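Going in written order, the chains are labelled A, B and C, and every chain counts its residues from 1.
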Amino acid sequence: MRTVIHLLSRDETEQQTALAISRNLLNDETDSIDDVAVVVQAGGIDAVVTGADTEDRVRSLLNDGVPFKACSNTLESNDLDESDLVDGVETVPEGAVEVTRLQTEGYAYIRP
Amino acid sequence: MRTVIHLLSRDETEQQTALAISRNLLNDETDSIDDVAVVVQAGGIDAVVTGADTEDRVRSLLNDGVPFKACSNTLESNDLDESDLVDGVETVPEGAVEVTRLQTEGYAYIRP
Amino acid sequence: MRTVIHLLSRDETEQQTALAISRNLLNDETDSIDDVAVVVQAGGIDAVVTGADTEDRVRSLLNDGVPFKACSNTLESNDLDESDLVDGVETVPEGAVEVTRLQTEGYAYIRP
């Protein structure tokens, strides 16, 4: 099974929940989760900017093979570019299109 | 691909994000999104009432072929009726049933 | 059709919306909803603890056949155990895995 986490809230608790859930999916003892991906847009972008309180958790998930896909439209409207993001975070043209694509490919959707 | 946006938050930032994402799905350069629908219920109803700050954005999406489906149960519990809504917003008996139906038909789900 | 409600917000309005939507799905006049399940984790756990303001609504849904599945990881990190929950609430090892499993089995997803 595969899961996409949609990280688009500016709420810090919801951001922390998104990262905790990603970690719990990876650690699942039943080993039933094959892939976890995180799509980041809107207020969620704060969680993957270099220097964020969440940086260590993001790095740790990236190291363990969880892709983070940040929305380029969000970067543009926040005057950010890829160099502002934690190393290893990818960009996609539009987060919502990516989330749609992943669900169409069979990923379950979770919005923390 | 098709996407349903679930607009059910009373949070204005989340409402704005829902409308921005709907627009971005329409404008997708890869042209991979065939349909976008917005289901409105609970606190989200404020965003589609005549006179709301979001009225122009809702009108613009309606003009571009995005259906807005407002939950009749929500209207009733807020003492609203269809005449209070931005022209062109439809109603459905229950928003959650509509969201379920659309997902069953293959729509991806996004909850901003 | 089947629907899973993901109750993971600490926001009381969102918790109330989750319970109201579960009830509305049960009451659907078109009788098109065969199953409703509620997966509870993160801040949502407050809504299913004995003594919560929402206890009566949770009990009523349980009585009408809606399973509530609380995340054991959430219980552990909140120093709670199953005996703290409203009678009849089940536990699952990890809520996000359960939500993924249900979607994979064809449940639509709603995050109030």
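The rule is simple: a residue touches a chain if its C-beta (ideal position, glycine included) is under 8 Å from a C-beta of that chain, and two chains touch if they have at least 3 such contacts.
Since the structure is predicted, the reported quantities are computational estimates derived from the model, not experimental observations.
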item: Graph class of chain-chain contacts, one of line, ring, star, complete, other; value: complete
item: Cα superposition angle of subunit A on its copy subunit B, in degrees to the nearest 5; value: 120
item: Shared interface numbering between subunit C and subunit A [over half = same, under half = different]; value: different
item: Rounded Å distance, subunit A centre to subunit C centre (Cα mean); value: 24
item: Two or more partner chains touched - positions in subunit C; value: 109, 111
item: Contacting residues of subunit C [partner subunit A, same complex]; value: 6, 8-10, 41-43, 73, 93-97, 99-101, 103-104, 109, 111
item: Subunit A contact footprint on subunit B (complex, rising order); value: 1-3, 13-14, 17, 20-21, 24-25, 28-30, 32-33, 106, 108-112
